[in-house]
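Following are the structures in question.
Shared chain: chain A. Partners: chain B in the first complex, chain C in the second.
On to the complex of A and B.
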């Protein structure tokens, strides 16, 4: 009997302890699962992370559910792209009544802050389809951009929790080094260092020209290249067709030429005539690969792929979007592996 | 941060539902009497079409402009319905209503196909976003419904007459189509407003289900109205509760729950009215058993079919294809080296041809000091060495000693060796200790360089 009571008591105590522990942790909510994975690497034991859009869901649109507002009401920090990707976020924040996580407030982190965005339109108009007015917001597929996402999240965490700022800075360093290793490989990283590589990586064409033309100890630098970029050399310079313009950053880094889109204009479903033109173009230019995030209709892709004897790569465009992509590294790994396999 | 309670989240949706139930349960009784079940779906769809076309014009779906625009569409539809009712019985009125529904639904799809995220807009038109409703929208709806309700109360006699028994009304010399038009017009106004927040599906069940339940139970209008209202209230509270606790979209939850309740009430009424209670119970039990078997059968058929090869999309079977000897697209076009304005080489004296002034050199040196990485510093150092070997070499030696990148060390070494015209005993792969004599030799060489 005594043992039983002790056991029961200790369970209660444990539970209470646990509740307290999770209470004292910072509640971080992110719009995309990918930001959540990166935030977790930085906040580690000091935060609890939740997210709204899974890796296999379309970040452009979210169904209103009570739990989403409740999530945001509890949030100490909200991480969002900060551009016009999550157009559903303001209404959700309004409903949550948590004004401090509104864009521009103290508890809001814009993942795109200080980021070198691509495809910034010259004329701002929605008539061209769901074109993103501030530039293409689908940058999570370029691992070099993860550096800046991680820095932005670190800044946000340090702002609301200065006591742990040194730990966040340490964790930022760890994830950044890991990113560099995975992107460039150990050998090149040792010879050139992360600073040079990160700067050159912003203009991937220049980086590769540099690596091909410069030597170290009688060997072209490109021979030292490893990691994802080495793997991606399989499709560097090759042509492909993509469904939506969320491949821009990936193809920018890996030198993949996306020559056309299944969507005639961004976020506008394909029309029969456009599909026909696309098929003709793919036949003419012998394009063998169609890329798509796995939240779009894959039937159409298979139809087109079958028509032109091409391969459709349907892959998660966010962390956790398919099995075995639960960390940012696994996610990019999968992306690179799948695209590489398509060009085999 | 604060916790969101059920009232913070659901209160607005709940009040909006109450406002909707008030007018819709009443109008639903007319709809049932007139046997035009589809009319509200059609009017709702027409209103949605107005919102959608307004969206294309640039009106936000929840703006007042879009509301007025969509009312314009419902007026036209109301006139159409009023005029077609009097035209004999060879074509049932319901058929025309159905056609209006189908055509406006199709046109919506055509229209939103031109708009970004159109598919999502269609989904929203169907299911609404009742969770997002604002107090202003609720206030507007309540005010308009009150006016419509008053109108129906004042003219309840003629409106009821044409709903209940059109032939008798016609025989008594009433101007049918005028009253019909007023009825459909008021109806359209109500629908245009409710569709914005509740969506087509929810508006349909608000209108029809309480009315069906009331009609099942009694034939007296006053009683029907009371039953309709209380049913609507009950179902709304429970449906929204389910939505909250099971975390499901609010509108569709209420709609599905209405379906369930209608089934239950029908069963109870059937048992109640049956001449032989026992036989009715037996039949109900049979029906339940059949339903269970049916559901089980469908479920196992689904499992079986999903596991069979038939579940694969047709294309997968042909996915394998040959791409053995297709011509490879050439790798990225080789780009030419950016021209360096100083060809670093054997004739360092040649650089004296375009000597930079001190001002230019210090600008380069400032840039070097502010540079973010050693590769940039190296290029600045090389530029400086072009104009002034002595100053450039000092930066190169700096890089040789301090850079953590072996490549930069190797490049700096190569440049220094070119400037000196002889090799130095330095290897980036060796330890700093092993390179000490080499550094010493380079510094000795540098000290002897002319400062100009």
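On to the complex of A and C.
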């Protein structure tokens, strides 16, 4: 008995020691790789970042494996969407034993805090499929929303590491300016300023109407538009079909019309009848592009694309989900480029 | 901040009104006032205008409408039908071919405070209502240590912890129900789940549980006696990002003596101390490519159980094992097979074997509704051979779903 108690105590002390001997850098764990990429831009040399869901992985369905719980056990800060996307997260947090990263605790950051969520369901019923009660959580594909993600992460980092709060604020400014440049282009930014453009960007239709109707120094403002929005004008107003509702925010900003989905309802596998109706609709409306994250069944997409002679855009919907998308900027760049190419 | 600005603006206006020199013309004062009003108004431009409150307004209180704070509740229904295909005992035909309604499980879950949460499962069957589980867990009571208190399915191996509708097959493996009892180990007590340093593995856990021995099959039954102890050690390895290996060993020690029990006549029962010892080992190997988790997976799982029980009639020793392979073929179809082999739970079981072979196909209509077709063949020593075709429908209404890794 004595030996058993001694052994238990030794293991316990070893565990406690192991926990305390963690590195001086803050250990940040995020649910999605995209949040990790943004956190890296904010925290830089003061943090180490790890994540749970890769950019090529479906964030709805993650196996809460013990090794993932271990990541959370040593997290100084946990960033997740904060809605009902990562339903597996509470099980992992419970398993991790890290009570400070639970919802409402000081080491938890909700990336969606203060965000204008789209598609908040009026009817909350499983008859609507895998309905997201608080609104569509797939906002990472809209770079304007990255501003708020970055602000939320900055707040979390500053709260647990106030000594470096000024540096986090400086890095937030840098990433925000870079986002604005890449979204709107330098010329338009110089004329209208980032504050107004970001607000107008929340209402893209109003933004584009304004840009088309107003002139600056004898030239239409739209001529000063640059960045991703300029590139995306190639498919603004065009129609497409998507696999799942994770294109909502992207299409909202870029004016792409997603007219139907391969899934008849979110997370409900398509029936042959639905596929047939979709094919008929695509033929009827001459829809030539079908969009999907690369974690969905591509053979089903290829079949539909083949039937209607359309282009299937199968692309990572998160940072690192395919080669050359290791930063948030590269990820959005790839997304815009791939969709643009499909409409060429 | 906004309130402070309004206050300062108002104060400034008052000071100017009181102390303004008589030389300032009325026109200038009006312009100045208008400017201040405009500035003040612009500060609150985003706020809605004040509205009059109509006499007919119905005023409501939120005090008895706090449903959002209720625990999350899910209902799981497990029902279907079975057909006896081959039977030597014709008298039992009526019992083996029938529709069934196994359970409607009500699952409740809620955070209690920043430090703890609770879970409960209530089973409603045609025979009545029973408490499946109800326990509270304190997270990180000590570094890496979770502590639970209540009634819970015990962590003897892997799937003994699961509820029936969450199983990959229709029923628990034969060795589990034979050795641990038809309902398995579901007792009242405390549980320590300790995350050990990973060392050579990717994760290691030590679980210590101390419970009443309410399982009559193995221990002393409802009467309070010597508590039962369970010790489990599990190791987990990520072989690569798609594959993991987990194995564990479990031991359990208790007594099956009835001691200090008074019968109706007042006579005291004091059985001599008789121990029950259990041991188990489990192994899981699972592959599921990250990018295609919804469409492809293969899981192999095997568990071994052994019991040694001292009884008044003699020493009972029995062992059994099962193994199964479960493979996701598409987004909606999962196929698998399981083989069970066990000694009967009896004192004189030398050379006796019971075996069961199971093949199944599960169709997931959606993440919340699945239908399973299962063929089961049971045979062995002293057992009437029995083959059944089972159609099982499991549906889950509500926010929960079983998370397994």
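What we mean here is this: the second predicted complex is superposed on the first by the 322 of 344 C-alpha atoms of A that agree within 3 Å, B and C clash if a C-alpha of one lies under 4 Å from a C-alpha of the other, contacts with A are read in each partner's own complex, and residues count from 1 in each chain.
The rule is simple: contacts are C-beta pairs under 8 Å (C-beta built on N, C-alpha and C of every residue); 3 or more make two chains touch, one makes a residue touch a chain.
Note that the structure is a prediction, hence the values are computed from the model and not measured.
A.B. asks: Just from the overlay, do chain B and chain C fit on chain A, or is there a clash?
C.D. replies: clash
A.B. asks: Check the residue A:121 against both partner chains and state whether it touches chain B (first), chain C (second), both, or neither.
C.D. replies: Neither partner.
A.B. asks: Could you say whether A:209 touches chain B, chain C, both of them, or neither, answering first, second, both or neither?
C.D. replies: first
A.B. asks: Count the residues of chain A touched by chain B and by chain C, then name the partner with the higher count.
C.D. replies: For chain A, the partner with the higher number of touched residues is B.
A.B. asks: Does chain B (first) or chain C (second) touch A:67, or do both, or does neither?
C.D. replies: both
A.B. asks: Contacts for A:306 in the overlay, against chain B (first) and chain C (second): which applies, first, second, both or neither?
C.D. replies: So A:306 only meets chain B here.
A.B. asks: Applying the touch criterion given at the start, work out whether A:102 contacts chain B, chain C, both or neither, answering first, second, both or neither.
C.D. replies: So A:102 only meets chain C here.
A.B. asks: First (chain B), second (chain C), both or neither: which does A:195 touch?
C.D. replies: A:195: touches chain B, not chain C.
A.B. asks: So, does A:324 touch the first partner chain B, the second partner chain C, both, or neither?
C.D. replies: neither
A.B. asks: Name the contact category of A:54: first (chain B only), second (chain C only), both, or neither.
C.D. replies: A:54: touches chain C, not chain B.
A.B. asks: Per the contact definition in the header, classify A:295: touching chain B only (first), chain C only (second), both, or neither.
C.D. replies: second
A.B. asks: Identify which of the listed stretches of chain C (73-81, 109-117 or 253-261) has C-alpha atoms clashing with chain B after the superposition.
C.D. replies: Clashes occur only in 73-81.
A.B. asks: Once the two structures are fitted together, what part of chain A is touched by chain B and by chain C alike?
C.D. replies: In chain A, residues 61, 63-67, 69-70, 73, 91, 95-98, 126, 129-130, 267-269 are touched by chain B and also by chain C.
A.B. asks: Please name which positions on chain A make contact with chain B in the complex.
C.D. replies: Listed in rising order, the residues are 27, 60-61, 63-67, 69-70, 73-76, 91, 95-98, 100, 126, 129-131, 190-193, 195-196, 199-200, 205, 208-209, 212-214, 216-217, 221, 236-239, 255, 266-269, 271, 286, 288, 299, 302-303, 305-306, 309.
A.B. asks: Which of the residues in chain C end up touching chain A in this complex?
C.D. replies: Of all residues in chain C, those touching chain A are 111, 114-115, 117, 137, 139-140, 142-146, 194-198, 202-203, 205-206, 236, 238, 244, 246, 288, 290-295, 331-332, 364-368, 397, 399, 401, 403-405.
A.B. asks: State the interface residues of chain A toward chain C in the complex, per the touch definition above.
C.D. replies: Per the touch definition, chain A meets chain C at residues 11-12, 14-16, 18-19, 54, 56-58, 61-67, 69-70, 73, 87-88, 91, 93-99, 102-105, 126, 129-130, 267-269, 294-297.
A.B. asks: So in the complex, the part of chain B that touches chain A is made up of which residues?
C.D. replies: Its residues touching chain A are 1-4, 8-10, 113-120, 129, 131-132, 243-244, 247-250, 313, 315-316, 318-319, 321-323, 326-327, 329-335, 337, 372-376, 403-408, 410-411, 429.
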